[in-house]
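I'd like to ask you about the structure that follows.
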Amino acid sequence: MPSKTSNHISHTSQIRVRFTETDPLGIVWHGNYIQYFEDGREAFGREFGISYLDQKAHGYTSPIVKSTCEHKLPLRYGDVARIETTFIDSAAAKMIFRYKIYNPQNQLVCTGETVQVFLNAKGELSLTRPEFFERWKKKMGL
Amino acid sequence: MPSKTSNHISHTSQIRVRFTETDPLGIVWHGNYIQYFEDGREAFGREFGISYLDQKAHGYTSPIVKSTCEHKLPLRYGDVARIETTFIDSAAAKMIFRYKIYNPQNQLVCTGETVQVFLNAKGELSLTRPEFFERWKKKMGL
Amino acid sequence: MPSKTSNHISHTSQIRVRFTETDPLGIVWHGNYIQYFEDGREAFGREFGISYLDQKAHGYTSPIVKSTCEHKLPLRYGDVARIETTFIDSAAAKMIFRYKIYNPQNQLVCTGETVQVFLNAKGELSLTRPEFFERWKKKMGL
Amino acid sequence: MPSKTSNHISHTSQIRVRFTETDPLGIVWHGNYIQYFEDGREAFGREFGISYLDQKAHGYTSPIVKSTCEHKLPLRYGDVARIETTFIDSAAAKMIFRYKIYNPQNQLVCTGETVQVFLNAKGELSLTRPEFFERWKKKMGL
């Protein structure tokens, strides 16, 4: 379910809360949302050809340099949650994604953002946008 | 190693990077730093009597409502890292902690912050600071 | 895709290998297969009405008392693996499941077994098969 | 605290149960014991010079090909558990470790075993014991 508005592109995916992702309070441990963000980002990446493996095929990795996460409501064991992952276009040599996670009642449980930079095959920081990323942006109409 | 300056209290603890905490790039997966923050916060809590179990004994839990994490350098398998956990005093019915993680070469690898609110035994949000937390702050000279 | 032969019932489900489930060798860390077994067991449980939440609704939990895991081949990031989960009927007050995990090339990568006992709401071990489990076995033709 | 009797060598280490390692039942999720076994095995390895990094320095890795785990009692959040890790000598090109985990009341909570094979730098299975492993065994008096 992709959708595009001006300078961002969204994709929706689902995760099912695992037993081990919940804590003694019966709710998902807060750190696991970082995993859900990655699940959403990789589902986006597989859909649009910008996943970790796609980047690797071009000789790049894109480590996370910043992440934020705000929690509104808990998720519980067995919940099937919806993740809305949005690529935020920018001029920088970075990838910025925003996330919204909804519970089965369609209530917003969590929002977040991650920022990634590009490292080339030697592990050096890319100060400009890699060619493969430029081509991808053009293909996506950005 | 506690230290206190005006309105904050710091504590230093250590973690050893586990094999499973590293990823195919050979570095700690970014989501695991949220766990390291919790390791630092709980080490602080055990030292100063404000751990999860201390709070629970007073009928409270304190879920994380916001976390941020900024990465400067990677950690690798086998690294023994130092976590500096600082309680930031505030007037709100919240607990704010800041984190600095250093590698064995004493370089800053990661900074972060978490914000927690208080829920009573019924799971209701505490709009004022719980009594046990007030007493704890007084005892700590805050 | 359920299938039943004499005294066992099988179910097939899928998992997609997450980035964080792989280690610096680029393969799934062995401990994560225990999670995959649980994924398979819970998919089986949702299909046939014997999941963790179904058991809990009847006042029971069923902790694992034994697990074994044998590894033949590795799984890698991005692999979509197939889990065949088989309930092995027995006269004991236990649940025994066997697992076979196949890679995308349909090669067997891992086999395993788990044994669970039943605890009632007070946490006491059930020495006989709980009524809900008896009814479930009957319904399943066992 | 090493100890050696005839053909096996033991080492004792400690782990502190993390909040995230416990589940909605308030006890350590069974899959995490595989991690505790690795914690014990790596503590053994650091003590006696046969850790993952030591093996890697000789051009070898040693993936787990089999693991078993039997649970007697649960561990809970905050427990500091003791792991007794024992190397079982054998003529095979394998490393066999047995584990016993004890709770703070010194009760046995879990036993287990892992079997590892050796892969050389090309990822090929070593059918005979690698030289570095032979030297290590001799040094250890095995």
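A few notes on this one:
The letters A, B, C and D name the chains in turn, as written, and every chain counts its residues from 1.
Basically, a contact is a pair of C-beta atoms (placed from the backbone, for glycine too) under 8 Å apart; a residue touches a chain by one contact, two chains touch by 3 or more.
A quick note: this is a predicted structure, and the numbers were derived from the prediction, not measured.
Ranking all chains by how far their C-alpha centres lie from the centre of chain D, first place goes to A. Both copies, chain A and chain D, contribute mostly matching positions to the interface they share, with over half of the numbers common to the two.
The copies chain C and chain D differ by a rotation of 180 degrees on their C-alpha atoms, rounded to the nearest 5.
Here the CA centre of chain C is 25 Å from the CA centre of chain D.
For this pair, chain B with chain C, the centres built from the Cα atoms lie 36 Å apart.
Distance between chain B and chain D, defined via averaged C-alpha coordinates, is recorded as 30 Å. The set of chain C residues touching two or more other chains comprises 19-20, 25, 31, 35, 38, 77. By the touch rule above, chain A contacts chain D in their complex via residues 19-20, 22-26, 29, 31, 77.
Across the complex, chain A is touched by residues 25, 27, 30-31, 34-35, 38, 61, 63-71, 74 of chain B.
By the touch criterion stated above, chain C contacts chain A in their complex at residues 18-20, 35, 38-39, 42, 51-53, 77-78.
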